[in-house]
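Each structure below appears as structure tokens.
In what comes next, chain A is part of two complexes: it sits with chain B in the first one and with chain C in the second one.
What follows is the complex of A and B.
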């Protein structure tokens, strides 16, 4: 455990110095999601949003800003991790990946440490903005103070597991960049960031089940918008836990395969 | 003890083909290579480009897996017990990669140290010791991107020593460095073997570096071991010819004739070229030492000697000879 903690701390420090070296980086990490949120909100403006609108069957019209805020908060959590995994190509190019894999460091600790550090650095500013915006917009309905930290924890854990899984995929090949295109936009569309998955046609609902963000957002909204009790969420929590266990198992298995693959083909130095 | 036994590495490379057909080619980078490293010794691994030096080093460092054969490090198999082996080895490569440029020298060492389970005061002490060793204490808190090439290379050395490895692999460590910095690095490498008892394997294109540092040299060609001995013995066994270069002001026909006869008598060769200073430079190559008979001949022809240089064969000649044989 000590090894994990010291490595997590080392990764956080390294990522902070290496990728978040300027206040402009933080500025962009706030401005970009805020712009996305505002754009999404005003995209709904030209449409009829009254109680008899099609969307009202799934989201109360007055709760749309809150729905979008939670959606984008969740999306930013996961988006940061896609970015971080994509950045793995930097380690390949700089030759630092070889120096990491030459060491006996626990590979899983490295992958999750990297994800966690990228996540904390990437979301804290937008997280603060979201909390302030939620307070300003109003409409938060929670059954206890614990609902906010629990929502945060659900997002954090599921995003880190997702990020670890992606980082492992990026270890396989220098050409894994296509995953960014494959995963990023579909995640935004199908996970229920802007529209609830219940409003999707059947085939789209099936796709939405592939993204852990779908389950995480459902629970976060239930906690923050519907005042759900912990007891109401056991089923969803179990489902999310199942998905996360599946992802961790796949990460462990693929991590071993990826390292073996690199050792056999010498692909670690190809970029 | 570091033992490499009958190691072979075959890469399977996909050849460019159409969308629907896949063709694979097998390339044997290392073929049946065996060698050993003992504590306190510096071993050279030489060969022309593509000989398999870097592949060998990466297999020794567990970055690559041998296709067959075995690498045993203090009794641990490098494939089955790679975590134990990783704690005992490290690699330093030439060039400016393998560092985080936005981080300072100290932060780089702290990060890489944490990968080996170092933390707290143990890590801080180790980092300070290494910064002193490579004389980077003053620049420790400067981002690496502001370092000169030599400073980056010294930081690489410190990084390679962060886990206090018993076996150290140096892949072209002085590549592109100025002569004084390269000399300083060579001094440090010598100290690591002599004072700290580390076993070091060195590859370098600067042959004089290998001659100066290595106790024994393995020469590989197309992945195969072609020679193994001390640098001196290798040079003697492969290149026995001594080269004599003499500069004289005039070269009459009679002297030319006698020089040719002298060379032929000793199964040597000779050559002549006019220098910029309107003099003649004679080059005689022979397995015998022709210094005395040549000087006698020049004295007999009353020819003054402006310059006389004797060149002993070097390890570089061995490599060049091998490269020539390879292309022939």
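What follows is the complex of A and C.
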């Protein structure tokens, strides 16, 4: 176990140093979500708003800014943990992936270490979000102090598992950017970041169920916007846990296949 | 110059087909398709087709879906052009071919011309696919002035190319593509009227949107494609694009020259 933890820690440190080498990265992590949030807010401007607007069936008009802010918080949280998975292609270019897989390193520690490397950035992001929401948006309604750390924990665990799953998927392809685009943007549309999934047609609701972010956002909004008690969320927590266990199982299974595939095709290095 | 342009065109096409067959092309198409999907869901399912009264006044048409679908397609086209051209030099640097390229007496104009022609082929394909998907989700081009729209599209390529020169030199200066390009792209999506008319933005932000060539390009393209107006009706927007292009090309040319010198001195010693 100690060895597993030290491998995990080593990967977190390595990936963190690699990806977050300058203060510009932190700056971008603050600026991008803010600009994306404001853009999403203005995308609603062409529609009829107000208490009798069709939107009021799903989101109270006064809560739209907080709805979008929590949506983008969840999305960027996932996104910054998923970045390290996407950057797996750099290991191929640099030739270090071959070294990692030749060594007796625990593969799961490697994969989840990559995901967890953005933990500090996640904390920073969550802190900025809370300040922004309190200063400019308002409307936060929590039933106890524990709701904020619980929301953070829900986002963190689901994002790490999702990031690990994507890291494994990216092992199959030399062209990881393609997979990233295919999986990242649908998450933005179908997980309820900008639009409530309840408004979607049936087929789109089915797609939204495939992303852990959908469940995580539902709970984060219940905790931060509706003042939900822990007892109200057991069912949703159980569902999210089920999805995450499924993803971890799939990651373990696919990881073995990916390694076999890379060894057979010689695709551990790019050139 | 044309030989260099031809060689660059062929080399880039081979790289696209063999080394990175899917990344950027599919990525840009999907980004446009997702904008289409968002507009469709928001308009049809969330807001049941009910628009704000000011939208018709600001956009000149009540056709929200066509407005946003064309905005998404044009935004993808702008991003694609900016990325393909501006990243070219830093990609050479990363792949180790920049030093060799700078040492040869090949024409830099030819190099960029080859890049821009190759990406024209790519963006035309991406743009057409997004429009085809858009047709399924409510894009209406029945009244479009096709020739005028095509002319705006071509002129916009020129404007984006000029902007890409500035972006490329900034990328070389900071040896970063990721933060620089993505910061510009999120600002473009916010300020250029991609999914809503810029008139909705606060007044103090509107002058900023005029600094981006995408703003007048989109206005002119929508005039031709949605309202069916001839090219002459978009004269103010075209003039605006020409002025921005002249400024960007002047700054970009100086920037690229300086950065080449800097790269030669500081990186290759």
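Quick note on the criterion: the second predicted complex is superposed on the first by the 251 of 271 C-alpha atoms of A that agree within 3 Å, B and C clash if a C-alpha of one lies under 4 Å from a C-alpha of the other, contacts with A are read in each partner's own complex, and residues count from 1 in each chain.
By definition in this document, contacts are C-beta pairs under 8 Å (C-beta built on N, C-alpha and C of every residue); 3 or more make two chains touch, one makes a residue touch a chain.
Just so it is clear, the structure is predicted and the values come from calculations on it, not from any experiment.
On the superposed chain A, the positions of chain B and chain C stay apart, so the two partners fit side by side. Legend: residue contacts after superposition of the two complexes on their common chain; A:196 is shown touching chain C, with no touch to chain B.
Across the overlaid complexes, the C-alpha centre of chain A sees chain B and chain C at an angle of 80°, to the nearest 10. Using the contact criterion defined above for the overlaid structures, shared-chain residue A:107 touches neither chain B nor chain C, since it reaches no partner. Of the two partner chains placed by superposition, only chain C is touched by A:55; chain B is not. Figure legend note: chain B and chain C, brought together by superposition on chain A, show a least Cα distance of 10 Å.
Those residues of chain A lying in contact with chain C across their complex are 24-25, 28, 31-32, 35-36, 38-39, 42-49, 53-55, 58, 175, 177-178, 181-182, 185-186, 188-189, 194-196, 199-201, 204. Taken together, the chain C residues at the contact with chain A in this complex read 20-24, 26-27, 30-31, 34, 37-38, 41-43, 45-48, 50-53, 55, 59, 64, 67, 176, 179, 182-183, 186-187, 189-190, 195-197, 200-201.
On the side of chain A, the complex with chain B involves touching residues 2-3, 6-7, 9-10, 13-14, 17-18, 21, 94-96, 98-105, 110, 260, 262-266, 268.
Only residues 11-12, 55, 58, 61-65, 82-84, 86-87, 89-91, 93, 97-103, 107, 110-112, 114-117, 119, 159, 163 of chain B touch chain A when the two sit together in their complex.
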